[in-house]
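Chains here go by letter, A, B and C, matching the order in which they are written, and residues are numbered from 1 within each.
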Amino acid sequence: MRLEASTAPAAVVSDSAPTRFRDPQIEMAHGAGGKASRKLVEGLFAPLLFGAAPGPLGDAAHVDLNGTTVAITTDSFVVKPLSFPGGSIGELAVNGTVNDLAVSGAKAEALVVSYVLEAGLPTPILEAEVRAMAKAARDAGVRIPAGDTKVVEHGKADQMYITTTGIGRLLRGVNVDPRSVRVGDRILLSGPIGDHGITILLARGELDLEADLRSDTRSVLPLVETLIHAAGPGIRWMRDPTRGGAATSLNELARDCGLGMVLFEDQIPVRDTVRGACELLGLDPLHIANEGQFLAVVSPEYADVAINALCLAPGGSEAQVIGEVREQPAGAVLVTTLYGGSRIVDMLVGDPLPRIC
Amino acid sequence: MCLAIPGRIVEIASENQDSALVDVVGVRRRIDLGLLHDDKPAPGDWVLIHVGFAMSKISEQDAADQMSTLRMLGEIDGAMQEVQGYGLEDVN
Amino acid sequence: MRFVDEFREPELISKTAEEIRRLAGTQRHYRMMEVCGGHTHAIYRFGLKDILPENIELIHGPGCPVCVLPMGRIDDGLAIAQQPDVIFAAFGDMMRVPGTQGSPLEHKARGMDVRIVYSPSDALKLARLNPEKHVMFFAIGFETTAPSTALTMMRAKAEGIRNFSVFCNHVTIIPAIRAILDSPDMRLDAFIGPGHVSTVIGCRPYEWIAQNESKPIVVSGFEPLDMLQSIVMLLRQLRAGEAKVENQYKRVVPWEGNRAALKAMAEVFQLRPYFEWRGLGFISQSALRINDKYAEFDAEQRFEVPGIRVTDPKAAQCGEVLKGVLKPHQCKLFGRECTPEHPVGALMVSSEGSCAAYHNYEHRKAAMVSLGSIA
């Protein structure tokens, strides 16, 4: 769960704080990043851990340490299979946390890592992942100075679970806050969506589909820095759309700012193969996880320079303006077509499931 | 019951004539041709795929005909309106 | 995507919508039912209601095989899977449908071996790969899907596979349409016919709708241009006072249907004397069961099934919504006790169920329209 209270000061929470989470047991849906996850965070974790009024939940928390503000975030990586075209759990573990810090307006300085390993895990697999993490950390310019390991019984950890906690300095020139979003702001997307989630789905082998597709896992920090440099004062909000997809991130923003996110379907970048897989399985690319993209809401005055800068930067050539903020539908996301049709895109309850009907 | 997608037959398995590899914009899957015994498709043909089975061959001719009909919609309308303007007949 | 993108061309869609507005005029109110859940989904996905004139009302029909499945049948399927060493395999559509003790996914969270499959042949493959387990495939769907289930069982028999069975919930479309037309509060002008079911059964089975009930029916494809063209064809018939069966989906639907598919169905299935449809009650000769020749693959014969009838809460008005008599938001439970997260009736669970579709797509747009600001 990477939604954390975005404002200091540290809250002292009493033991008797009321909770609003009523589900009798935890289901897979609670970890899928959609509505069920949000209910768990807002209903159980937030009241007990974050205090009375934590404000909108962001990707990272900004904590004041004697006058210096640092950004801190944590994320767990639970993926099957461990290794897939385009990457593996080790890279996800580094890039995911670097990205959470980046979209909160911070540059990751150091990560600490915690491994939960399943007894019986072959050492070469572990070594491969640790190498992948080391390389990803070097590529992202981040140190990994400390870590922890626990081993659990065979059958209890799907080979390995990795948690990384990242700490970073705030980047100058940007202030990310959903409450600053205004009608007329533009919604930008750094590149094609759906690559990671569909790659994983195919790599699991249950659906017997093959495609030439790779996970998009990468650090988005360079692109975020490019964006800040070109359009810093105009940036209202950023997020990396991981589990739950772009639809979930934009729905969260819509709820947090009370405005409507209107997307133009023909402008949303999706690779043909991802589109084909989604059509075949009855999935919507907007609900599929990404590990190397980010969304940004930018004021209209800065939108053009922002998108131009992204398109010219390495890895940003497929960036697009995909929509704009309007008053309606308040608190929701609407996708429109060139011929005048439109549909609301909500957060899913749990993971997207293939359908045949 | 209704999600069915057009795909192109890439190759028919040599050891099993009922099994074919089909391509949907770069996504590939083995599908079963057992329901098309009476009208076996060949590589390059397009079929409608539902739950991993080919349901029907897609007729490119019929698809093209449909597109022409649709494109003519506005034209017939335009022509009709002109004729109506002459007051010659009630075309509705 | 070929054979898809051409039928989503924005300019042509606008042009066809214009023709619909011209034909529909302003004097008459047209009520058209799309029978198939896939069409319901397409209407919402492509936002077709936004471009149709106000006097064309699309009524959602009962063609959602997940929606019409009584809860008791889900319980039965899950009961079989509770047995040791049984793998429960089903399409993704079934995974969140609630039984009285929870959905298949919830059972999976509690330790049941539940697998999502894309094809019945994938379920058979699971059986081959897991010889020490039994794979039970929970089969749903109309005539579009039944032939694939049938062929899979034929393959299993030919291979001598012993650890595979099918829990058969296939239903047939014609009795459902008949039930709609027999319903006293029903007022429909025309039907948008189920395109993919028709690839199997052809267009002849609908002739009685035109001849005996005097309602036009156009067998339609699923892309926006397909559905809009079908509406054009229906309007032309209605304006001319005609009632006939037409095939809009010619590129894929043969008038005579698919003989090989019908043969496979006849080889493996026979009609149940009656079957309960959630919301519609018992309908005779409306569902398929596995015949004696394939009894070894019939999960209901190989396992003990509780067979307990579970009725929907009285307050749930699934039946009336299914028949198009009520709009989803007119059901007392809609949006309150019954939401996609906590569905009471199955129309809220399946993404093509009228209530889920309405809740997810229409609900908020209705709020926008009333504020005078649709996108």
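Note that in this section contacts are C-beta pairs under 8 Å (C-beta built on N, C-alpha and C of every residue); 3 or more make two chains touch, one makes a residue touch a chain.
Remember, predicted model here, so these are calculated numbers, not experimental data.
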| item | value |
| --- | --- |
| Distance-to-centre winner among chains (Cα means, whole assembly as reference) | C |
| Of A-B and B-C, pair with higher C-beta contact tally | B-C |
| Cα-centroid distance, chain A relative to chain C, in whole angstrom | 35 |
| Inter-centroid spacing, chain C versus chain B (mean Cα positions, whole Å) | 22 |
| Centroid distance [mean C-alpha coordinates] between chain B and chain A, Å | 39 |
| Multi-partner residues of chain C (each touching 2 or more other chains) | 1, 4, 37-38, 41, 65, 91, 118-119, 122, 141, 145, 352 |
| Sequence positions of chain A contacting 2 or more other chains | 207-209, 272, 275-276, 279, 282, 355-357 |
| Where chain B touches two or more other chains, by residue | 1-3, 5, 24-25, 50-52 |
| Touch list for chain A against partner chain B, complex | 207-213, 272-273, 275-277, 279-280, 282, 355-357 |
| For the chain C and chain B complex, residues of the former touching the latter | 1-4, 6, 12, 15-16, 18-19, 22, 36-39, 41, 63, 65, 91, 118-122, 141-145, 147-148, 151, 155, 194-197, 199-200, 222, 225, 229, 232, 239, 250-254, 258-261, 264, 352 |
| Residue numbers on chain B that touch chain C, as the complex places them | 1-6, 8, 24-25, 32, 34-38, 46, 48, 50-53, 55-56, 58-60, 62-63, 65-67, 69-71, 73-74, 77, 92 |
| Residues of chain B touching chain A in the complex | 1-3, 5, 24-30, 49-52 |
| Chain A to chain C touching residues, read off their complex | 25-29, 35-36, 206-209, 262, 266, 272, 275-276, 279, 281-282, 326-329, 332, 334, 336-344, 346, 349-350, 353-357 |
